[in-house]
Amino acid sequence: MPSKINTPLILVNFKTYREASGDNAARLARIIEKVRRQTGVCVGLAPQFVDIAPIAQIVSAPIFAQHVDPIDGGSFTGHVLPQSIRAAGAVGTLINHSERRLRLADIDTAIQQSRKVGLTSVVCTNNQAVSAAVAALKPDMIAVEPPELIGTGVPVSQAQPRVVEDTVKAVKQMDPNIIVLCGAGITKADDVAAAMKLGTEGVLVASGVVKAKDPFKVLSRFAERLTTH
Amino acid sequence: MPSKINTPLILVNFKTYREASGDNAARLARIIEKVRRQTGVCVGLAPQFVDIAPIAQIVSAPIFAQHVDPIDGGSFTGHVLPQSIRAAGAVGTLINHSERRLRLADIDTAIQQSRKVGLTSVVCTNNQAVSAAVAALKPDMIAVEPPELIGTGVPVSQAQPRVVEDTVKAVKQMDPNIIVLCGAGITKADDVAAAMKLGTEGVLVASGVVKAKDPFKVLSRFAERLTTH
Amino acid sequence: MPSKINTPLILVNFKTYREASGDNAARLARIIEKVRRQTGVCVGLAPQFVDIAPIAQIVSAPIFAQHVDPIDGGSFTGHVLPQSIRAAGAVGTLINHSERRLRLADIDTAIQQSRKVGLTSVVCTNNQAVSAAVAALKPDMIAVEPPELIGTGVPVSQAQPRVVEDTVKAVKQMDPNIIVLCGAGITKADDVAAAMKLGTEGVLVASGVVKAKDPFKVLSRFAERLTTH
Amino acid sequence: MPSKINTPLILVNFKTYREASGDNAARLARIIEKVRRQTGVCVGLAPQFVDIAPIAQIVSAPIFAQHVDPIDGGSFTGHVLPQSIRAAGAVGTLINHSERRLRLADIDTAIQQSRKVGLTSVVCTNNQAVSAAVAALKPDMIAVEPPELIGTGVPVSQAQPRVVEDTVKAVKQMDPNIIVLCGAGITKADDVAAAMKLGTEGVLVASGVVKAKDPFKVLSRFAERLTTH
């Protein structure tokens, strides 16, 4: 992994939210940078593809793509080439987010291509069995997110704590080096603490930060609880 | 359409070619800008998503995305939001390229969303019937490209001149304001001239320019023949 | 079109409802056959792929597939070959249902392959513009179904009468031979009558019949109102 | 697994080959039945969806679907419901064939739904890592088929013996109960013997049998070498 990514990690997914597009994306990136510097916690961000290069000019926080295609250059109009993502300034990428699921063989290739160009791979999964399956493909990180909880404000750490615990166990048994993040429904600092207690090494968040009235305050509390759960 | 797009038009699709990624993308963009200024012909370019913003800083040539998703903001991780493409500096977008085909209802929505945010829509099609179908959806431009010819170096204007002629007729009958471009297999200046004689108002090119030993020379000849066919 | 398909037409989509699978599929097919014989109205059915051949043995009502792939034989494991559908006893097929949308070029090919093997094509659409687009591809029928109304019990003929009227106009202007059906949310005989008054020549129904307590009674009323609206 | 499926197993994929559609499907099914009875070897067949029920009436050989969707009934027009496949007479199903790849979460659900209704699941994979990943999802069988060899007549057991050996090892380490089949490029009896020597418990074949001049002779030799390699 690039030296700039550490755990515990807070990774903020900008999705295609208006509140995190264009000028808003730059503004939110600066807030993330500020929290990162003030708390010393590793806070990363996953903006839209077009916003990666401009944001890489203004922050040092680790930038992730939201998706890469399983390709290595060539005739793939409209696709996302891992090395172009890297060249634009990203150091990692989400793969197989529940809003952008991939076919299994493509997840395998996307992880390999990401590694080849130096992108940290964070593969999203929906349950314990799928997490174990992905672990066999040796990504750098796995973010478990029961899709039915995404965007609900009901944290998986509370609704389905066993899913998180069992996922951590299953993944670590396959490969203890793979880092497990917890996603879906995290909106409060307590959710972050709960996720850490269940054995994860960070969280994947989206609307809970992006749509917050005061993202700086929310993120600062998340960062605090990440280290003092 | 944005005032900076005129016909006849040469639109260069960068795909995910290594020769048109990262630093190479910037270099090729500058070549396109030079041809555009020297010949006065409208030459546009469709780089990868991440390269749009940086290129928009260095050239005035019209920039197109290679694809947009049929969305209007929200929870669409890994998708391409039309307004973000516009905000990054693009003035148009390809839709439904043969390497990134869309479902019919999504083409309709992508055209509408593009119009809403001020992006010129260039919808790719594979034959006359499909071109007529797309014309009913009122895009700004239609680029007809029999997929079996893409990347072959065999121009559609030579292999299937009737397809091009019939497409122009079918589209103009549906809506005379829709501009028809000719794609697939164009590598020589004569191909450009032939396409124009068949009634199109420009060409969509890729490897013929991107992989040329001297893209400046090739593009300059294309531009010349575009106006003197 | 096969001589056994007439208008006005009631087409019952079995989807993958439990109430219309396996033995239940055969039972519902017999009910449809009975309504057809008693009322003289053309009532067709679209069961699951595996149920087509067995049902073709027990009823004369026109059978439709729910989907066909745009293929002509070969290496397409898990795909649905139009000629196999025909050989199993179907005389028509739905194409591009909102629950099984196709890419535009594939709709074109699926219509052509269906025609080639003697299957009546019924292409589903979501609005007027898309209906006009499909009309350019010359299917036998178009079934307009705003997807937001499917399964709601709110009929399009009531919620969006203009969509239906404008679709009929747009399609007939493109090709007066194309038959327009009305779908989405039809559960009452009045909905059927309203659809006919708006200029359609039949209805595409699903849960309103399949999940009815007494499908025979519901269908009989539909058939009655279809001819006496 | 249903009692009628044993190892070593020869599974013949009919794809959408003309030679294995409609009447030809029934003829080939009878040949398979004959080989099965004469040799005592378990020979299964995977015909197209519409041919499952008619074939189940004429042979006792185990029938597999070529694909099932990850669903449990409901509004899924054009999809393939596992329980309908079972009700039609199939006892197993291919999942994730290279010509019908699924998203990872859907493979997981398709395996679970298949188990629930009593269908033996045979998940296709493309390499060792993906096979290990699938093994974590606990299917009944895994068929490893490097896609670049499918239909070539070059058997994986010869071109990439290590892929087969390593896959068997990786799968058995995850779960010794999962049966590994070898696919892709098998056209000669020697290929079958080689596959068995590499530790697999059967083969997945297609064109090598379906397109053979004398499928009976070819299959009989396959069956013989399967047990005397």
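To keep things simple, chains are lettered A, B, C and D as they appear, and every chain counts its residues starting from 1.
Just so we're on the same page, a residue touches a chain if its C-beta (ideal position, glycine included) is under 8 Å from a C-beta of that chain, and two chains touch if they have at least 3 such contacts.
Computed from a predicted structure; not experimentally measured.
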> Going only through chains that touch each other, what is the minimum step count from subunit A to subunit C?
Replying inline: 2
>> If you average the CA coordinates per chain, which chain's centre is most distant from that of subunit A?
In response: C
> So, what's the distance in Å between the C-alpha centres of subunit D and subunit B?
Replying inline: 44
> How far is the middle of subunit A from the middle of subunit B, if each middle is the mean of its Cα atoms, in Å?
Replying inline: 34
>> Can you compute the centre-to-centre distance for subunit B and subunit C, using the mean CA position of each chain? Integer Å is fine.
In response: 37
> Do you know which subunit B residues sit against two or more other chains?
Replying inline: 98
> Which of the chains touch, listed as pairs?
Replying inline: A-B, A-D, B-C, C-D
>> List the residues on subunit B that touch subunit A in their complex, please.
In response: 13, 15-18, 21-23, 46, 48-54, 66-67, 71, 73-81, 83-85, 87-88, 94, 97-100, 150-151, 206-207
> In the complex formed with subunit B, which residues of subunit C make contact?
Replying inline: 96, 98, 101-108, 125-127, 129-130, 132-138, 170, 174
